[in-house]
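A, B and C label the chains in the order they appear, each numbered from 1.
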Amino acid sequence: MPDNLTREVRLMAENGSPVPRTEPAPPGVPQQAVFDVSGVAVYYGDFRAVRDVSLDVRQHEITAFIGPSGCGKSTMLRCFNRMNDLIDTARVEGDISYHGVDLYDPAVNPVEVRRRIGMVFQKPNPFPKSIYDNVAYGPKVAGAKGNLDDVVEEALQGAALWDEVKDRLKESGMSLSGGQQQRLCIARAIATDPEVLLMDEPCSALDPIATGRIEDLMVEIKERYTIIIVTHNMQQAARVSDRTAFFTTEVNEESDRRTGLLVEYADTDKIFTTPDDERTENYVTGRFG
Amino acid sequence: MALTTPASLGGGIAAEQVRRQLTGNRSDVSGKAFQAILIAALATSIVILGVLVYDVAQTGSGTLTGRLGDFLQGSLRSQAEASGILQGLRGTFFIGVFTVVVAFPVGIASAIYLEEYARSTRLTRFIDVSIRNLAGVPSVVYGILGLAIFVKALGSFTGPDAQGRSVISAGLTLAILVLPIVIITSAEALRAVPAELREAAYGVGATTWEVTKHHVIPYAAPGILTGTVLALARALGEAAPLILVGAVTGFLSGGTGMSLDSLDERFTAMPIVITTWAGRPGADWEQATAAAIVVLLAVVLLANAIAILLRNRYEKKRG
Amino acid sequence: MTSLASNPTSYSLEDFHGSRSRMRKERIVRAVLFTAASTSIVISVAIVASLIGEAWTFVSQVELAALWTDGWFPRRGMYDVKTLVSGSLIVTVIAMAVAGPLGLGAAVYLSEYAPATVRKVVKPALEILAGIPSVVLGFFALTFLSPVIVQRLNDEATQFNIAAAGIGVGILTIPLVASISEDAMRSVPMALREASYGLGARKITTTIRVVIPAAVSGLVAAFIVAVSRAIGETMVVFIAAGATGGSLFSTDIFRPGQTMTAAMASQAAGTDQVRGAGLTFQSLFFVGMLLFLVTLVLNVLASRFVRRVRQAY
């Protein structure tokens, strides 16, 4: 991939710290873990939103977080790029390591984390700027100088949006349809050349056709990225993901507030066909929702 | 009144009866009266505004049509017919400049810190409480602050030959007076910026300042502008603090210099001119006062009207 | 890029420090913004500090008898506090008698009855009323309210009188009462109104029995804020109530009178500088301190009530 190589060299020259890129493992070679999560609990003030999360996220796989609302799956997702830092009262306990680096080490700069671990949000949220500027924004703030046309084109192609917008890059990102906006947001996220993409219910605001396109896109790009997706939609998890984590909520003994917890984490096939835990089975078969 | 069940009667009669019950013959007298009272309350408030503007314009029209040029360019005199408001306009102009130069940047920066940077610590909560309390402090008390600090303590800087009673002292005092208004309105504008916009920018690895500068401020700009214009209007109309910091209420020689060197001289301002003239007996002074008021109102209400229009336009645009 | 997963790349902590110049800029901006934010504390402290020194001198040196005399004549050593306090109180009561019903009525109409088109015109008009400088209201009170209204009610009334000043202050606070009350009523959830209409209640019943009780904390807050504003208002009283030299203790609203605020302005006006025998200068700070404390208490009280509305909905 010569394109990719030149870009990498360029970014390296500009920032001094390249984003490592690894190719998918050949069959038979054990997958490498990107994230190692052990014993994580997240608090909002005194309120414990989620507890007892331990799992590992593997490279070039799609990992799905499913579960009823309030189970802490979105909260957990936002721990991976330290988005929870933006909430005053949020506190993370336990270990989340990214390629062996503790993400919550005081020396870690959340800004650098987010450049490597991109995010796509529930509601498409393009900047009220041109399509071009939306995509170019991430590389620009990361210090990329000069002409970013190639980066923008590559990212838009990566998000399967290039052909639809290549003649109107100057138009506002808000002028696109909902599904296009969400693909623009994906393009924006991959323009900083991240290794991981976090997707927080990316299709919940989209119609079935747009949803299908995003799902196809996810499967396409997992060769290059590691994806974690939070979804309400069990069929979606079953269709696209390699591994699935099922979260649920339990009422606390001391108060009547609910805390989320991780019930089971395994290959998607197993979660949907022969789960170990009864709660998982009840949920995926629709007996509890 | 229980409805008769339609089954017990013929269809046509039942429909007729139901219709009569639903249209009702109860006239809502108390409701109508209540509404009339409310409209009267609102109308009175608006009428007062109308009467005020009309009365002042009427009284001042003679001076304004008869000798507008002299009136705008003349100085304070002992005869009403010869007096002008140039010194007042000059003082009010510089007070506006101080507000823009001091209160706007500090106020907007405060609001940005509190909304975009500050975590909810004891210190930031304390800052928040003090801003809210400052907003409620009577303006005359700010005059005391100006008197004690800018006139007495710092008099050798603010006006060595005027014992500190200069337009610098006045401008700084009023800048401080409107600071809480600038902060509160700017903070409201920043709070109205959707969280998704911030998340989007943070999500691609922007720093807090980049998020603020590139996305939050542009979005909040109309709201911030509205708040600052309102604050400016407030500063231009204030009189009480100026009396305390020693605005000239009698006669003033000079006080028309537009250079920066003249800032440390004695001064007066439009609201002070109005106050002084209002206290003088006779119809000619009353007319001169009204004319001065028309000039001040034109400036202040224009600023207000611009701010209100601006806000309404953007509120509509953003839905 | 041919390295395989068997030869994995891994990160070290240094990769996550970020560009040094970018982080330095971030730190500098943060420090500047924080400095700006902390000026509010500095100002609060400065206000208290500038009041407290001279006020304390006054309190510790004044003869107690001078605080309870026939009137407020600071240049003659007569510091009758009750003259000023009662003056402020009377002005506030008159102002509230004007602004309370008018402001509340306007707010109820705008929030519950007014069609969108009326709101669109009337709200800006009220905001313009809010923007009128108080010196203008003072002139209006002296040249219009006093001869046209007050002196017609009572032919004994002098040209400068407390009644006209009170009405003027009231007009000044109408927009304040109206806007805070309207906000409070509009924040009452639609569902409550619908529940009432659903039971067949009329609009007046819904407004009086459902909306107003639900918004009562906000209405109380509006009232308190307006009282605080009325007590702190200076220029209307200074211009329209006369008594710039001083005032005998009086509760007659048709005669000149003095309030705390106007007394402060009077002391500074007319002469080149605040001066006079003995403790005149200090008495200014004493009255200022009194005023500051009264309005502070009222504002804290009002924000309690506002918070209660926020918590409820």
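In this section, a contact is a pair of C-beta atoms (placed from the backbone, for glycine too) under 8 Å apart; a residue touches a chain by one contact, two chains touch by 3 or more.
Keep in mind it's a predicted model, so treat the numbers as computed, not measured.
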Legend entry - Chain-level touch network, classified as line, ring, star, complete or other: complete
Inset, instruction - Tell me, please, which two chains come out on top when C-beta pairs in contact are counted per chain pair. - result: B-C
Legend entry - Interchain centroid distance [CA atoms averaged], chain A/chain B, Å: 47
Inset, instruction - Determine the centre-to-centre distance between chain B and chain C, using the mean Cα coordinates as centres, and give it in whole Å. - result: 13
Legend entry - Inter-centroid spacing, chain C versus chain A (mean Cα positions, whole Å): 50
Legend entry - chain A, residues touching no fewer than two other chains: 111-113
Legend entry - Residue numbers of chain B (touch at least two other chains): 207
Inset, instruction - Two or more other chains in contact with one residue: find those residues in chain C. - result: 22-23
Legend entry - Contact footprint of chain A on chain C as seen in their complex: 1-6, 8-19, 22-23
Legend entry - List of chain B residues in touch with chain A within their complex: 119-120, 194, 196-207, 210, 214-215, 219
Inset, instruction - Please name which positions on chain A make contact with chain C in the complex. - result: 1, 4-5, 8, 15-17, 20-26, 29, 31-32, 59, 98-101, 105, 107-109, 111-113, 143
Inset, instruction - Mind listing the chain B positions that touch chain C in their complex? - result: 28, 30-31, 34-35, 37-42, 44-46, 48-49, 51-52, 55-56, 59, 105-107, 109-110, 112-114, 117-118, 124, 126-127, 130-134, 136-145, 147-149, 163, 165, 176, 179-180, 183, 207-209, 230, 233-234, 236-240, 243-244, 246, 249-250, 271, 274-275, 278-279, 286, 289-290, 293, 296-297, 300-301, 303-305, 308, 312
Inset, instruction - Under the touch definition given earlier, write down the residues of chain C that touch chain B in their complex. - result: 22-23, 25-26, 29-30, 32-34, 36-41, 43-44, 46-47, 49-51, 54, 101-106, 108-110, 113-114, 122, 124-129, 131-140, 142-144, 171, 174-175, 178, 202-204, 207-208, 225, 228, 231-235, 238-239, 244, 261, 264-265, 268-270, 272-274, 284-285, 288, 291-292, 295-296, 298-300, 302-303
